[in-house]
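See below for the structure under consideration.
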Amino acid sequence: MEAVNQRAKELLEKGEIKAVLGYAKGTGHVRRPHFARKAGQVDQLVLDAACLQNLAVYVTKHEVKKLGKVAVIALPATQRAILQLMAERQLRDGELVILAVDGEAVKELDSAAALEEHLALKAQGLDAKDKALLAELDAMSREQRWVYWQNELSRCMKCYACRNSCPMCYCGTCTMDCNRPQWVPVASHGIGNLEYHAVRTMHLAGRCVECGECGRACPVGIPVHLLTFAAEESIHEQFGQRAGAKAKLDYALSTFKTDDKESFIR
Amino acid sequence: MANTYNLSHESLNSLFGALRKDGRRIMAPVEAGGRTELAEVETPAQVASDYLQTILSAKEVAFPKVERLLSYTIAPGQVDLKDTEPKAVPTVLFGVRPCEAKAFGALDAVFNWDYRDKFFNARIEQLAVIGLSCTKADEACFCTSVGGGPADATGSDILLTPKEGGYLAEVCTEKGAAILNLAPDLFKPGNGVDKAAITAKVEQAFDQPALTTKLPGIFESEVWTDQALRCIGCGACAFVCPTCVCFDIQEEADPKKGERLRCWDSCGFHLFTLHASGHNPREVQGARWRQRVYHKFSYYPERYDMLGCVGCGKCTRACPVDMNLKEHLIEAAGVKA
Amino acid sequence: MSRIGVFTCHCGENIGATVDCVKVAEMCKDIPGVVHSVEYKYMCSDPGQRQMQEAIKEHQLDGVVVAACSPRMHEPTFRRAAGDAGINPYMCEMANLREHCSWVHEKGDATTQKAADLIRVLVEKVKHNEPLHPIKVPVTRTAMVIGGGVGGIQVALDIANGGHKVVLVEKSPSIGGHMSQLSETFPTLDCSQCILTPRMVEAAQHPNITLMTYSEVEKVDGFIGNFKVTVRKKARKLDEKLCTGCGLCIQKCPNKKISDEFNEGLGTRTAIYVPFPQAVPNKPVIDLQNCTYYKTGKCKVCEKMCPTNAIRFDQEDELVTLDIGAIVLATGFKLMKTDAFPEYGYGKHKDIIDGMQFERLASASGPTSGVMKRPSDGKEPETVVFIACSGSRDRAKGVPYCSKICCMYTAKHAMLYKHKVHSGKAYVFYMDIRAAGKDYDEFVRRAIEEDEVKYIRGRVSKIYEEDGKLIVMGADTLMGGEPVVIKADMVVLATAVQSNDRSEELAQTLHVSYDSYGFFAEAHPKLRPVETNTAGIFLAGACQAPRDIPETVAQASGAAAKVVGLFSNDELTREPIVAVVNRQAAPVYSTCVGCFLCQGACPYQAIEQEEIKARSGEVIMTLARINPGLCQGCGTCVATCRTKAIDLQGFSNEQIYAELMTL
Amino acid sequence: MDEKFEPKITAFVCNWCTYAGADLTGTSRIKYQSNVRVLRVPCTGRIDYMMVLKALHKGADGVIVSGCHPNDCHYTSGNYHARRRWMVFKKMMEVMGVDMRRITFSWVSAAEGARWAQLVNEVTDQVRALGPYAEFRQIIGAGIE
C-alpha cells in the first residue's frame, strides 16, 4: 500500500493526474470508494481485505471524467472491468493511470494492451461460495428455481443499486428508462421485476466481469449476481469467450460460429 | 396522555391473540435469511428477537412500493373507469423503532398537505403502531441529532421499552388505548423506570437548527459535488428511507385495458428530473445528492415546520458506497455538536 | 387519433368460403382508430383498389390495413395504390387472411376470430407506422471486374460496350485465365487460344476498359453505387510505359530453370518473364523469389540489356484507391492437386498428371509443342488412363459436389490423345457420365464410338509403378465389379474443381457470403444467380460453383447486364426498411453510448462511427451511424442494442410492441 | 383445468423463410390448428428476447420463434446471431425457472410448408397438454397493493 500511495502522491504532485481513486475507511468496518484530490489526502487511502467495490464503475461517469486524468487503484475485478470498458470504447488508452494491485505487487498500466497482457497471467474464476450457490441453483428442479427466484425477486423494489453499481452499466439512457415503447414496466411488481432482471442479465451476458458488485450492492440481499454469473459462465462454456480479458472487443453476442450448438432448435 | 403500564413477556402472546381476534393483521420484524424484514406474524415467537432495525422502513404499510390507483377497460366506443378502493387492512405495526414511528408524521405532512391522499389516509386510519425503544444503536444512527431519541414516543400509539421480565408500555394515543382495551388485564399499572438507563446511548452528533440555518447559504458550495463523486445514483437510500415520499405514476395499458400505478421513486435517479427536451436541471449527481439533503433539512422545515429526516440511518446502512448522511452533513455545514 | 381504414378481401371464395368476411369487417369497426371498414370480393382488382383509394380520400384515412393475401404477394400493389391515393405508401399494411388463415384452417368461428385478430394486430401496427421515403443513393458509373479470365473479360467487354467505364483487375501478370492454358475446347475442339486471345486484345484496347494486371484488391469500403476499392498494384519492377515487350531481357536472363506456372510445372521459364507469348499486356515481370539480383544482390543483366532502360529494381507496390459503382467477381477456380490422392501415390509419380497439365501437353504452345510426351522420360505414352471424379463426389476424401466439367474434358482429353497417338489406347474410368449440354452427349459418344476410347464404369483403387509402367488397378462395375488391371504409361486425373486460393479472404474483404467450400454465394440460387447478398456485387463463372466456358460467358453477360442496368440511373432507389440510430437534442444527442457492440452483429458492415463535435471542434461523443446505402434492414443490430438507440424503420420497437399489446 | 382450454400461441417469424414457408402451407392447403398468431419481422436477428417475454406477459401459453435454416439467412448471418442470442436467453430462462417447454425455437424454410403445419400442430398440442401457463400468469399483478 505504501508503494501505491507513494506513487499516487508523486503523480498528484507532478500534476499528471487530478485525483486518485481508491478506498478509504468508512462507517464502522466498511471500506468506501474514495477520491483523493490532493497529495495530502492520499494518506487516507487504505487497502485491505475489506476493500470490495469495483471502482471501475466511476471511471465512465461524466462527473469523474470532468476531473481530468485519474489514477485508479485497481484490484483484479476492477482491472477486468476497465479492460472491458476499453474494449467497448468507453475509455481510451492513456485516459487513466491504472495502479494494478494484485496482492503485494503493483503495476502501473495505462493501455488496454498492457492490461490484457497483465490479466492474461491470471486465472479468472468464481470463488468457492458463488460456485456452490450456482451449483445449488443448478441442482434445483425447474419449478424450484422458479419459486426461488420469484421469492427472491419479490423483494426487489427497483432501486437499481445492482445496475448503478455495475461498471458495465454505463449507458446514459438505460433500457429501463426507455419509454417509447416501455418494454419493461417501471413498477417493481412481479412481471416488472422478472423482466428487469432478465434484461439486466441479458445485457450483461458476455460483458459481465464477474465482480459480484450487483449482489453486494443489493440492499435487500437478492443474489442478483448469480444471474449474471450463470450467463457469463455459460457463455464461457459454450463459446470460450470471457468478458474483461481482451483489449479488442470479443462480444459473444455479436459474433457467432456457424457450428454453434443448436440441438434445442427444432 | 401517556399512561404507563407494565407488560410481561408472557402477556404478549395474549395481546397478539387479542389483536388478531379483533381482526387486525400484525406486522413485525422477522429474521429471514440473515436479514430483518417486516412481515406478517401471528405470535410473538415469530418476531425477531434481537435486531437493530429492518432494512426497509415501515412506510410500506401505508405507502406500498407499487399500488393501483385506478383501472379501466376499453369497450367499443367507451372507457369504463374503475376507481380502486385502497385495500386498508386493520394493521398493528409491532416492534418498530421510535425513529420509524415518528416518520409517519413526515409522510403525513406530504400526503395531507394540499391534497388529502385517499390511499395513504385509508391505510393510516387502519394502522396502529406499537413502537419498541432501542437498546442498541450503531454508527449510522443519529436520532438524537434530529429531535428524536431511542425511546421517543412520538408516532407510537403504544411505545414499549424493554425491561426486566417484559416491557414498560406507554399508551400514548387513543388508538393505543383502544388496543389496551382489547386486553386490559395484560397491562399492569407500573412506572418509575429510568428509560434513559435502559435504552441505547445515541450521542447528539450535530446541531440541526444550525444546519438548517446554514443550508441556504451553502447551496452553491462545492462540497455537495465532492461528496457525491462517490454516489452511484441508485435509489437504495430513498427506498429504505421511512420519510421519502416521492413517487412515479405509471400507466400500464393495452388496447383493451389499463391501470394506473403509483410506484416509489427517488430524487437520486438521473431520470427523476430529466425533461422531455433532454435538459436536466439536476444534471450532475452532486445536484441530486444536494436535493436529498436540502429536501430533508431545509425545504421540509420551511414548508411543514418539521424535519424530513428521523435519523434512523437506514440510508447509510443500505448505501452500496457508504454515503454516510450524518458524517456528510457535519462535514458540509461544519455543525458538529 | 388515427383514422384507419380496413379493407377485407374475400379473394373470391379463397378467403370468403372459410372466413366470415362480412362479420370480420363488422368486428373491425369496433377497433379504436378504425373509421372505415368494408369487405369486397377482390380487393386487388382494379375496382377493389379504386374503392380503397376513394375511401382514403373520402374518409381522410391516414392508415390502411388490407386484409387479404400474403404481404409477400400484394404488399407492393396495395402500397402503390395507397400512395397514388395520396397517403404515404408505408402507411399501408397487409393482414394475411388467406395463406395464414383461410387456406389453413377449417371454416368456423375460431377461424373468423383469428382473421379479426390478425387485422387487429396490423391496425395497432399501422397506428405506429411512420411515413417513410425511399432512399436515394447516387451511382458512380464505373465497374470493377475482379478476375481476368474468360468470364471477367466478357463482363468487362459487355459493360464497356454498354458505354460504361470498367476496371479489370487481374492478380497474375496477364489476363486470360485458365482458358488461355487450354489446348482445345469441348464440344467443338476449336483452339482455345484462337478464340480467346482476340478477346484479350479487345479488352486491352477498349477505350472504356482499364487493365490492372498483377494487381489485387486490398480493401473495399462503401456500398452499392459508391464503393471505394483499394487495389494493390504489385511492382513488376518495370516501367510499363517504356517497355516495348521486345523480350530481350527474357532471352538474356541467366536464371532459366524456374518451374513454369503457365505450363503447370511441365516447363521452365526465366526469372524475368511473361507468362505466355500471347500475354496481355505483353510486359514482363520480375519474379522476386527467383531473381538472382534479389537473392544475391548481383546480376542486373536484364537492366543492362534493356534497350529502353525500362527495368526498375527500386519499384515498390502501389496502392490505388478507386471510386466504383459496382463490382463483379470473376475469380475462377483451381484444380485439386494430384498429391491429394494417397492411393494414386501422393503425386510422386511424374506420369500421373492432372487435367490442366494434360492441356499443356496437348497444346501447340505447350512445353512439348503439342507432341504427346510423358513427363518422366519424354516417351510417347502408348496407354493412357483417364480417371474421372478424382476427388469430386467423394464425401470421404474429396468434395461432395460434382465438378461438372470433368466428364466433358476427360472425353476431350481422350480424343485429343487418340488424335495425336493413333495407335495408343485410352481408358476412362468413370462413375457416371454427365454430359448435359448442347452437343455434349454427342461429343462423348464420338469419343467412345469414333475414337474408340474405352470407358470403364468403376473406380481405380490403386496405382503403383512397376518397370516404368503405372499399374492401374480398378474395377468394372458393369461387369459385376470384375477387377481391371491396366498397365499404363500415363494417368490423367480429372481432379476436383475447387474455389480459388484465398477466395474466402476476398469474400471477407468484399463482405459477400460464401459456402463451406469457399465458392461465393449467390443471392438466390434460382432467381438471383448472378447477384450476391451484398447489393452492387455480382458474380460470374466458376468462383460461384464449377462452370464450363459457355456457362461462364453466359453468366458474365448476365452480370454485365445487371451492372449496366444499375448504371442506367443517376441514383438508386432503395426500400427505406433500414435501421437508424436515434438523434436527440443536446445534451443527450442520442441514447447511443458508442459501445459499438452492434458493429459485429451487422452482416453488412453498415454501422459507422459519427463524431458529435462542439463548436470548438472538440469531439463530445462518438456515436453509431447506420449507412442507409449498406443497410439491408435485417434488424440484428436493433435487437443487439441495449439502449434501444437503434430502431428499424417499418419494423420499429413501437410497432412491434403495439402488435404484441393486442395479443 | 379448464376442459375447453385452448392455448394462445404467439409466433415470431422471419419474412424470408418461415413466413414464406407458412405462405406455402397455405398455398398447399395444408391444415393446422388456428391457435397461432404470427408476427412478421424481417429476420430472426430482429427478434429481441423482450418480444418473447412480452408475449408471455400478454398471456401467450406458448411461443414459437422461427427463421431460416443456418446458411440460408436472407441477410447472410442474422439467424446465426439470433441462434447465439437464443442459446444465452434459453440458459437464462432456465436459470430463472421459466418453463422452456413453452418456448420453441425452430428453422422452417420457405420450402417447408408441411413442416410449418407440423410445427404449429406439435407446439399447440404440447402446450395444450401442459395447460395454461398459470405459473407465469401468477406473477402478473403480483406485488401491486
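A, B, C and D label the chains in the order they appear, each numbered from 1.
Simple rule for what comes next: a residue touches a chain if its C-beta (ideal position, glycine included) is under 8 Å from a C-beta of that chain, and two chains touch if they have at least 3 such contacts.
Predicted model, so just to flag it, every value in this text is computed and none were measured.
Undergrad: Applying the document's contact definition, name the chain pair with more C-beta pairs in contact, A-B or B-D.
TA: Of the two interfaces, A-B and B-D, more C-beta pairs touch across A-B.
Undergrad: What is the distance in Å between the mean C-alpha positions of chain A and chain D?
TA: Chain A and chain D have C-alpha centres separated by 34 Å.
Undergrad: Taking each chain's centre as the mean of its CA atoms, how far is chain B from chain D in angstrom?
TA: 46
Undergrad: Using mean C-alpha positions as chain centres, tell me how far chain A is from chain C in Å, no decimals.
TA: 45
Undergrad: Using the touch rule from the top of the page, what residues of chain D touch 2 or more other chains?
TA: Residues 48-49, 54, 58, 71, 77, 81, 85, 143-144 of chain D touch two or more partner chains.
Undergrad: Return the residues of chain B touching two or more other chains; collapse runs of consecutive numbers into ranges.
TA: Residue numbers touching two or more other chains: 65-66, 254, 261.
Undergrad: Give the residues of chain A that touch two or more other chains, as numbers and ranges in rising order.
TA: 183, 187-189, 192, 253-255, 258, in rising order.
Undergrad: Pick one for the touching-chains graph, please: line, ring, star, complete, other.
TA: Per interface graph, the chains form a complete graph.
Undergrad: Which bits of chain B are touching chain A when the two form their complex?
TA: Listed in rising order, the residues of chain B that touch chain A are 33-35, 37, 55-56, 65-66, 138-140, 225-226, 228-230, 232-236, 238-240, 248, 250, 252, 261, 263-264, 266, 269, 271, 284-286, 316, 318, 320-322, 324, 327.
Undergrad: If we count contacts the way the header does, which residues on chain A are in touch with chain B in the complex?
TA: So the residues of chain A in touch with chain B come to 26-28, 30-35, 37, 53, 57-58, 61-64, 67, 155, 157-161, 163-165, 177, 185-189, 192, 213, 216-217, 219-221.
Undergrad: For chain C, which residues count as touching chain B in their complex?
TA: Touch residues, chain C against chain B: 29-32, 120, 124, 584-588, 661-662.
Undergrad: Can you list the residues on chain B that touch chain D in the complex?
TA: My answer: residues 64-68, 87, 254, 261.
Undergrad: Within their complex, state which residues of chain D touch chain C.
TA: 6, 8, 10, 15, 19-20, 22-27, 29-34, 37-43, 45-49, 51, 54-55, 58-60, 71, 73-78, 81-82, 85, 117
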